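Next come two complexes built around subunit A: one with subunit B, the other with subunit C.
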Partner chain A sequence: MTTLLDVQGLRVSFGPRPAVNGVSFAIASGETVALVGESGSGKTTTGYALMRLLGDNALVQGTAVFEGRDLFTLPEAEMRSLRGRRMSIVFQEPATALNPVMRVGDQIAEVARVHGESVKAAREMAVAMLERTGIADPARRARAYPHELSGGMRQRVMIAMALLLKPALVIADEPTSALDVTVQAQILALLGELKRESNTAILFITHDLGVVAQTCSRAMVMRAGEIVESADVETLFSAPSHEYTRELLAAVPRLSP
Partner chain B sequence: MIAGQAERARRTLGGPAVYAALAVIALFVLVALLAPVIAPHDPFAQPDAATQANLAPSGAHLLGTDRYSRDVLSRLVFGARVSLGIAALAVGIAMTLGTAVGALAGYAGGWTDRLVTRTVDAILSVPRVLVLIFIVAAFPHLSVFGLAIMLGLTGWPAMAKVVRAQVRETAAMDYVLAARALGVRPLGILTRHVLPAAVPQILVAATLAVATVIPLEAGLSFLGLGVRQPTPSWGNMMLDGADFGAHTWWLLVFPGMAIVITVLSINVIGERLREMVDPRVRASR
Partner chain C sequence: MTGTALLQVEDLHVRYATRVVHGVSFDIPRGETLALVGESGSGKTTTARAALRLVEPEVGSVRFDGIDVRALGRETMRAMRRRMQIVFQDPFTSLDPRITVGETVAEGVLAHRLAGPLEAKKRALAVLAEVGLSSDEFTRLPHELSGGQRQRVAIARALAVDPELLVLDEAVSALDATIQSRVLDLFERLRDERRLTTLFIAHNLAVVQRVASVVVVMFAGRVVEHSAANAFFAGPLHPYSRALLDAVPAPDPARRRALPVIGDELLGPSAVGCVYFNRCGHPRKDAECEAEQPRLSAFADGRAAACFKAGGASPVLRPPVRPLDR
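Up next, the complex of A and B:
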């Protein structure tokens, strides 16, 4: 397996106290890695930092070598050409991450458009991708506005946008947290299926250990801006080495005692 | 129950007034467009200044004649063309400039935004009439077209303020971040994701701007600084009647009514549009 992304000493601060404090990890091509932690642990900030989506008020330090180039020193134009094409992100809340006044088909097609496809080709790609996400009657759904779709369908649209150009890396930021449990399972299955088809690596940002067990091969536990434990999922669940990981595991509600 | 009744009451209160206003504006625009067909006389013709000047309304001249014996109704009809045309062009210019500047400031943020905001506030602190009087003093032979452009060039800061506020709000939306995360260029984000959300506010501001520009032009023309004789505008027609006051009431009342009815109608439409657009007003319904 080849290393796709190698992050070394990532630090992000918005003020005197760093939100991410010296995080290092690597992701191989096609791998699914979880970044687990409670709210405010810095996991989402890590994901945004990698996509260079943080505002001017964020100070980002360290290196993140992606396909041989350091993301943090790339000119903005080159970064833009990577976004959506080689690396993309699925947001937590599809209800707000989709433009309410734009047809979903056009939003999906826009990804292909901005990376050089013709209007016609982009539109066809969008409909084909919608079909692959399991949406019935995709040509008609492509003309729908986000408010006309259910939460699950909206997240399928987001996934269609993120995976349209078969990126090497998808950062999935709590992609199922806003959804019903049954829909969650479908969305996770879809993500898994699409990533296998295009050999996409996924950095799965979540607080849900159930999701981690279901989807990831390896997990990194983050707390207060630092990765406190990193292990393959079986080891993490059977023999957590860090006290915080044990606490997280103990916090998972169970039906039987 | 109560909420439903209130809703109905509001609707019936808002309804007829808005429809009447829309009908008035549609009528005036139609009159302006069809002026040559509608006007009973040549608005510039002075048949006989000695015997036919300052005639009160009669069958021959429905709204009377002015001091040069010109037909007031015909001048009023052609005046609609001038006054509404100036307003449309001026607001078009102000809207275009204001949208461009406001979008740039709101989207770029940082020092660009601060610079633009301070400049706009500084411009807005100077009375617009004063600026226009200076401009007219500097260019005494300003044409009607030039006057419209000047009204537009002094109108953009108010529009820029509205657009900037809306753009800033929209730019903070998740879907704008999502568009960036998918590689959309700043210009694409601005034109496809940010500005469309500001269109309703821009339309409201433009409508209300028309209601500001019409009296402004009328005022300047009444002072003899706007549209010059012999071209008729509602403002300079009133100037014609000012000398004789109540003796030639038709020279004051009819153009005055045209101005008042137009501005009132546009304000009714504008306020109604604002209610439809503003979530705070909508939420309280």
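Up next, the complex of A and C:
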């Protein structure tokens, strides 16, 4: 396994107290790694920092070497050429992440357009990708606006955008937290199929330990801006070494047989 | 059971542009918790709102403590509202952004003339402490709180007027597990101490299993299963109930199994026959299901389901797919 992303000493502060306080980890090609924590733990900030989506009020320190280059020192133009093509993000709430006044097909196609595809080719790619996500009658659906689709369908659109150009890394920020469980199961299956096809690695940001146990091979537990434990999921769930991990595991609601 | 029921909903129909609730009936005995489960758009929130007369039902009766609430005038309904409180999923939209946490919680106490200003403040502080908020939060505005704290303020506001019925509409769903667990402890205590009756709307069946004595499953505006919680979790009758249970990801990698891809949400409810027909993964579904909507029928162990193929063992559904990393 080759290292795809190597993060060292990541620190993000918006004020005197750092939101992310010295986080280091690596992700191999094709791997699915969970970044688990409760609200305010810094997991989403970590994901946004890697995508360089934080505003000017954020002070980002450390290094994040992705395919041989440090994301934090790249000129913005080069970062733009990576986003969507080599690395992409799926947000929790597709209703707010999608542009409400643009047809979903055009939004998907835009990803390919930005990276040099012709209008016609981009449009065809968008429809093919929509079909790939299981949406029936994709040519018609491509002309829909986000509000005309269900939450599950909007998330399929987000995933279609994120995986259109077969990126090496997808940061999935609570991609199924706003969805019904049956839809969640389908979205997780879809993400799984698409990532296998393109050997995409996923950094899965979530608070849901059920989703982690079922989908990820490794997990990192964050609390108050720090990773307190990192292990393969079998070890993490059966023999957690940190007190906080044990607390989290104890609080998870479980179905008893 | 009718004699002791606090809330009785019978043959409830609700129409907005189209009918969204079709003939829903249930009783909740005092001190019990009934869970209403089903996907978004299944009609569970509308059912709860209609039960509290926050929307007017088209047809049907709602009795609270034996009183027909649909027949009540404005003033009596207002007084009745103290006894039936609701907490919504999104506390950001249900809290007034301009008034402090303390005022929010004390407001109902004052409005229902349960106490004077001093006593109301004391009550507010006490109930905020019960949901795990400190007096530091008392003078804060909603935007100064985290999502979890706001939700606990909304819960405290409902509890402050000492209701008999509490409707929790996904009220704990967005809370972090550690806080969710504490809030559920609180409900269990209130249920035992005050015989608080709860209509619990949630999508997380693991949480439902912890608190509910009865589970009502809705699909496309109809009740498809209505079962005692123990029997339901031991083996639900309806294929949709089975799908909901199977889709819950177990927090245990040793029990890693493929999450079922069943009941595809892209297939809407069927217009004729069983509403669940299009999405049904039952191995024995047939022409009868395609032709007619089954009625809710009683089975053993306090279970009832609207499925022609119900009975016997819980259905095993279509084969699943691989999860992400396997």
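By our rule, the second predicted complex is superposed on the first by the 254 of 257 C-alpha atoms of A that agree within 3 Å, B and C clash if a C-alpha of one lies under 4 Å from a C-alpha of the other, contacts with A are read in each partner's own complex, and residues count from 1 in each chain.
The working rule: contacts are C-beta pairs under 8 Å (C-beta built on N, C-alpha and C of every residue); 3 or more make two chains touch, one makes a residue touch a chain.
Note that the structure is a prediction, hence the values are computed from the model and not measured.
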First (subunit B), second (subunit C), both or neither touched by A:80: first
Subunit B versus subunit C as contact partner of A:227, first or second or both or neither: neither
First, second, both or neither for A:111, with subunit B first and subunit C second: first
First, second, both or neither for A:201, with subunit B first and subunit C second: neither
Partner chain(s) touched by A:49 [first = subunit B, second = subunit C, both, neither]: neither
Partner chain(s) touched by A:129 [first = subunit B, second = subunit C, both, neither]: neither
When both partners are placed on the shared chain, which of subunit B and subunit C touches more of subunit A: C
Contacts of A:247 with subunit B and subunit C, given as first, second, both or neither: second
Complex contacts: residues of subunit B adjacent to subunit A: 110, 173-175, 177-185, 188, 192-193, 196-197
Sites on subunit A touched by subunit B in the complex: 51, 53, 56, 80-85, 88-89, 91, 93, 96-102, 110-111, 114-115, 158, 161-162
Subunit A partner contacts - residues on subunit C that touch it in the complex: 39-41, 146-148, 176-178, 180-181, 203-207, 209-210, 233, 243-245, 247-266, 321-325
Subunit A to subunit C touching residues, read off their complex: 31-32, 38-40, 134-136, 150-153, 180-186, 188-189, 191-193, 195, 202, 204, 207-217, 233-234, 237-238, 247-249, 251-256
